[in-house]
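Structures given as structure tokens follow.
Look at the two complexes coming up: subunit A is in both, with subunit B in one and subunit C in the other.
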Partner chain A sequence: MRRIWSPLLLVALLAVSASTTAAQSGRELRFYLPAEPKTFHPLVVADDSSETIRYLTGGVLIRFNRQTQELQPELAASWKVSEAGRKISFKLREGILFSDGMPFSAEDVAFTMRALMDPNLHSPTGDSFRSAEGQVKVNVTDPHSVVILFPAPVAGLERLFDQVAILSSRSPKKEMAVLGPFYVADYKAGSYVLLRQNPNYWKRDSTGQRLPYLDSIRLDIQQNRDMELLHFRRGEIHLINSLDAESFDRLAGEMPSAAHDAGPSLDSEQMWFNQVSSAPLPTYKKAWFRSQNFRRAISEAINREDICRVVFARHARPAVGPVSPANRFWFNQALHVHPFDPQKALRRLGQEGFHLDGKVLRDREGHSVEFSLITNAGNKSRERMATMIQQDLAQIGIRLNVVTLDFPSLIERISRTFDYETCLLGLVNVDLDPSAQMSVWLSSASSHQWNPNQKSPETPWEAELDLLMRAQASTTDNKKRKEYFDKVQQIVWDQVPFIYLIHKNALSAVSPSLANATPGVLRPQTYWNVEKIYFAPEKSGGRR
Partner chain B sequence: MKTLRLLAWGFLLSIFVATLLAEFVAPAPYAEQFRESPNALPSWQHPLGTDELGRDALSRLLYGSRVSLLLAPAAALLATLIAALVGGVAGYLGGWWERVAMGATDLSLSLPWLFLLLTVRAMLPLNEPPMTSVVITFALLGLLGWSPSARVVCAGTRTLRNSEFVLQARACGCRGWRLLLRQVLPNLKPVLYAQFWVSIPIFILSEANLGILGLGVAEPLPSWGNLLRGLENYSAVLNNPWRVAPLGLLIIVVSCFQLILPLEDFRS
Partner chain C sequence: MWIQRLLRHLLTLLLTALLGGLLGATLMRLAPGFGVDERELDTRLNEQSLQVLRQSRANERNILRFYAQYLRGIIHGDLGVSPSLGRPVAELFSERAPVTLRSVALGLLEGWLLGFALALPGVMWRGWAYDLLTSVVGGIVVCLPSAVLAMLFLYVGGPGSLPIALVVFPRIFRYSRNLLLQTYSLPHVLTAKAKGLHSTRILLWHVLPSAAPPLLALVGVSVSMAFGAAIPIEVICDSPGIGKLAWQAALGRDLPLLVNITIFVTLLTLTANSFSDLIGKAFAKQPT
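Right, the complex of A and B next:
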């Protein structure tokens, strides 16, 4: 009898043990994509929805940890950058399989890099590796070692591999064979994308269990943010990556444990004056906008603290410059927000010949100071910011006319006709590295918004910005790069080509039923560690 | 019914007077931001509370009512006059005149006015004071909003043209413009009244919709349109129910406009 019961007891114990482990596994995570993914090809991703799919399915050599902001090895067990940033050598992990069962090797890395750098592919990811004209050489030294040689140094080279999902060179459906935690199992255009657990995913947790814990992820396409919030509150979806301040406060009131404020994000809101010399503006206005003291005075007349408090319900921080404090390494700690001081602003304007005539500010020639500020219609927070700035500037005798335009008209004005005076817009930053901002700071660039596409720098400080940005991009010494970029931030702070207003906080929502989800400020805020996220057991999981 | 009409007249008059005396009645300037108390509850200082920027809601309602109550009827009047001209002439003359006029009306109805409005706004100068922008907005609405009324007016005129009393007038030697102005037009009055009153709330709501697209009344000037945009924020309305005041006032005012119409006009 004892002989019969002992094996039964053992089987029962094993079953209990298995169920305890399985409590972490399984179930379907659901959240929304804001739009239809434009592609599933990981090398030509250019939109947010496709980026989400790439992040969840793509296996990369090096991953940028969204929480620690440090690089960590993934498919590459180790790497080494040499020849001043021209060469990178990878030692790859062994025994890894693609989702379709094909083995992963250095040939796949070579295949991916050659495809990525093919000019006919027009890959935005590939563009970030192009530092100079010339071929990229990829040498496979053994099945698990590969060396990539670039024609010129690439700043922040290893970080760029966070965006390169490795393709299979031997799989028949190359884009569908993946090395990430999930693969695309089903897709209905305009409706949903279904991802299933990659059965060959190489990562395991500390107990040896294969990751990811989740069985599948269903990504429904939903453009309406209000519907997204409603469905989250009903428990129909489990994550919201980005919330506005109003929705966040509403959610925090109802489900405090679901609302997460991770502090200032990388995104900024800023305004700038049109300094284009050929712009169809009166000469006296061009002179105002090109005056450093004028721009600085406007910056000092704006109460950023009030904007954070009133418009963003304290879920924002006054901005110092182009880099958010969330960007721990590159943020210039020596700089501080331009203080709100209308009297100081008036004194500064006085240095330029401006004077108050009753309640109206006039320039040296007697023109009343009045200009328009354009922003995109329908964006409530920007419209409110503009109205607050309107009142702040009225206190120093400036009349600001707020004009909201549909987005295409606005873009037409700021990038083609230059028929505008001031513009208020936001900048969405996804990259921490300053090289990603080359197109903003180089005077010849199209995104140098206050005066784009200059043949040669029109001011000495813009010439200096050009030099510094090129210098930081041509070295791999991060200490030197930081020095150069700190100087860039200092010049921008002094010259105020952009009046940086605020950094919005990274606000997100995570269902209390999820464990291991730790929202951060970098994208993707809520699911950056998706392979470790699981549904907590009911008894400790809270609301379901 | 008579009592109701009197009440409606009284209410409308009091609203008109209140809006015209807004400078004296309003607790604060409509643009002043009390930033320490955004979304405040009603109090002695702010009887209807404050909006999301801390501006006094009652003051904005009074000034906004002034803008909308003066300019929406003006736009409705413009649209109705154009409709009377196009529809009346087309219905009276008939034949190919009617075909051409109704063809133009159909074309006007089928055009994507939204995009035209966007284009027009994109072409306007940016440095216009808020009051100019509001006049432009309502003028555009009046100029573009005549076509539905024109169809109704044309149909009414056609019926009158073939009626017995017009036939009798013709038989008595009354013809041409005299017949149109003396016999047809007075009998079109109820149709035109109805089109006028119906257009007012439509233009108020159109202005609200245009505001979302950047064509509405520019900040900081209030109008019923941009005050109604405050209702977009569902949770804010739930927390601050007095935000419904502009909508309530709009409904009451439109109802009063209907009540003050002579009953015979509706019957006819």
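Right, the complex of A and C next:
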């Protein structure tokens, strides 16, 4: 009896397995790009849309797992960092082919690294590796081993390889020959990008089936966020990577299983005062903005909880500092949000000679405290935040004038003419490592927004920030780096060069018809595991 | 004589387009935020890369030098490279122009057909109810900005040319209705009516030839109107045409792209106007 049933059982199991495999394979995933990709060359990517294409098509040596926040081997079977972070040795996987059939070898890694580190390329990815002047040496020891030697230690070196898509050194298709799960099959400028499954992709699932499961991905270019939501609700697209709070709540009401709130993201919203000594501002205003008590008082006069509740419908968290709690390792747990306390803020201002004259706050010389806040036009939540800050500051007698500018005008003011008083902007964090923020905290850097390009640090605390940031970048001991960066966060909390307001939650939408899509807080939130995403088999009588 | 006039027209057209391009370039150069790149806020870039980025558009700062270089490029068939999109302008034009030309041509055709079709019955068979209805519809549509029409079509769905048609139609309707009314009251039309000629014959032989020159002049105006409407419509509908490109060029302070678009639209509008002007004059000389 058993003899009869065993083959039947085997056949049945095979049939079930085949049907599951068949169900997992195929179909086209659709979602929107917010703008046209500026390049398909993975080494010079600087915009979000090109970044999406690179993520979906590029093969990397090491991948940073967006869910576990751990590094995992990809094209590199193993790696070793030595010489205090100057040297990295890779052992590569064998038998891997590019999408056009060309074999992958250590020569391709060497070619990619040489191209990336070419000083004339001016690639943001390449610049991340440049910790000091000097040549990067790439040595191919055998067809599957490569050693890269940097002129100085690079903090968080392995993690940077998550952004380096390996190019083929020999393919006639150049950068269009890829090692990732998909390749660019078609592109109509201004309209769409079509990606097809890479027939030579090296990864397989636990059953031995070649990944990715999807046949293709169609990325239509759509700037209108309302249309994106409308098309998602109609089932015309399957993913929305980032939603605003209002759209999220609307979607959650209609399709609760499609709306995902993954909690606070890495991105922050912050405002800062112009502390540039040469700025075309009255001297008394410069004195206000350079006063620690003034900045701290403003921070304490802003009700962050209200901003989260009103502007972001509770899909945001008050911010403590530059690091979001989503960044599990680097977030300084000892710090807490500046409490909302207008009375305490007034007492602090009193220490600096500010006093209330009726309902108007005046400084020691009798100037009424009034300043303008610039932000980028068209960002609804930022404009609402500015209005709420305006109301909060009015409670302590400060008049805030909100000015919205288009982005080029705003950048010109904050980075060239310095003709502004306060600015409200967001910081998009794509990297968890503090080294990615070097140019923000070093006083000599141009992204040190409140007072950039200083020849030497103008304040003792900025000098300390410089020392700490350089110290954390010069060691590979993560425990020590964390100590240094905790101190940086502490100084920023005390001195308030940036008034950190909130961290928006990572809100996204995933069609219920997709399986294995688990949205997270790190970019790309919805398709970080794209090779494993598939269309779930339709249930009879159920909703698709 | 005829060739001389044509050449004079062409020369005027060319000079106006070049002047338009220079004016467009000057306005863009004086706009706040000119020469600024969003990538300057990328914290990954080092100082050297930032300097290169800032220097990359230094040759656009002197507008006269830029324009002279641009004209030299045109002579050699080079329209320049768009700094914001990082691609040759000629390539961008060849991809985008057909989209806009198609939707504008269709929109014009639909707008004219609709406008004329509504105006004609009202003039031939006068009735206050029809007049009121068409005037109210035309009045409502004329009040709607092209961006609102685009939004409407985006939500409802429909061809991209239809919002352009709706922008053009009320103007065509009103103007052609008034013009036809005036023409129907001309002495020779009244005489034809008194002689008992068939209404179709009156329309084709006596009314339309008289109304043709001003109607043809309206063609030129409607072309520029349609192009003007195409910009917000393409932006809102995410249609990859010249209108959207113009919007991107303005936001990105993209001088080479904007100058080319200005010259392209100026040339197109002037050509349409000149064409209708010449045809109108030719019609006017024919005895009716």
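One rule holds for everything that comes next: the second predicted complex is superposed on the first by the 522 of 544 C-alpha atoms of A that agree within 3 Å, B and C clash if a C-alpha of one lies under 4 Å from a C-alpha of the other, contacts with A are read in each partner's own complex, and residues count from 1 in each chain.
Here is the rule we use: a contact is a pair of C-beta atoms (placed from the backbone, for glycine too) under 8 Å apart; a residue touches a chain by one contact, two chains touch by 3 or more.
It should be emphasised that the depicted structure is a prediction, and the values quoted were computed from it without experimental measurement.
Visitor: Do subunit B and subunit C fit side by side on subunit A after the overlay, or clash?
Guide: After superposition on subunit A, subunit B vs subunit C: fit, no clash.
Visitor: For A:A386, select first, second, both or neither according to whether it touches subunit B, subunit C, the two together, or no partner.
Guide: The first partner, subunit B, only.
Visitor: After the superposition on A, what does A:M227 contact: first (subunit B), second (subunit C), both or neither?
Guide: The answer is second: A:M227 touches subunit C but not subunit B.
Visitor: Now for A:D306: first (subunit B), second (subunit C), both, or neither, which partner does it touch?
Guide: First partner only, subunit B.
Visitor: Which partner does A:D215 contact after superposing on A: first (subunit B), second (subunit C), both, neither?
Guide: neither
Visitor: Name the contact category of A:D127: first (subunit B only), second (subunit C only), both, or neither.
Guide: A:D127 sits against subunit C, while subunit B stays out of touch.
Visitor: Identify the partner contact of A:D406: answer first if only subunit B is touched, second if only subunit C is, both if each is, neither if none is.
Guide: both
Visitor: Look at A:R416 in the shared chain and tell me whether it touches subunit B only, subunit C only, both, or neither; answer first, second, both or neither.
Guide: Second partner only.
Visitor: With the superposition applied, I'd like the minimum CA-CA separation between subunit B and subunit C in Å.
Guide: Superposed on chain A, the two chains' closest C-alpha atoms are separated by 6 Å.
Visitor: For subunit A, which residues lie in the overlap of the subunit B contacts and the subunit C contacts?
Guide: Shared contact residues on subunit A (touching subunit B in one complex, subunit C in the other): 405-406, 409, 412.
Visitor: Note which residues of subunit A are touching subunit B in the complex, please.
Guide: Residues 226, 246, 249-250, 306, 309-311, 370-372, 374, 376-378, 380, 383-384, 386-388, 390-391, 401-406, 409, 412-413, 419-421 of subunit A touch subunit B in their complex.
Visitor: Under the touch definition given earlier, write down the residues of subunit C that touch subunit A in their complex.
Guide: 32-34, 36-50, 52-53, 85-86, 92, 95-96, 99, 154-155, 235-236, 238, 240-241, 244-245, 251-253
Visitor: Show which residues of subunit B lie in contact with subunit A when the two form their complex.
Guide: Of all residues in subunit B, those touching subunit A are 31-33, 35, 38, 52-54, 118, 121-122, 126-130, 212-215, 218-220, 232-236.
Visitor: Which subunit A residues qualify as touching subunit C in the complex?
Guide: Against subunit C, the touching part of subunit A is residues 36, 38-39, 46, 119, 122-125, 127-128, 130, 188-191, 221-224, 227, 230, 405-412, 415-416, 436-440, 445-447.
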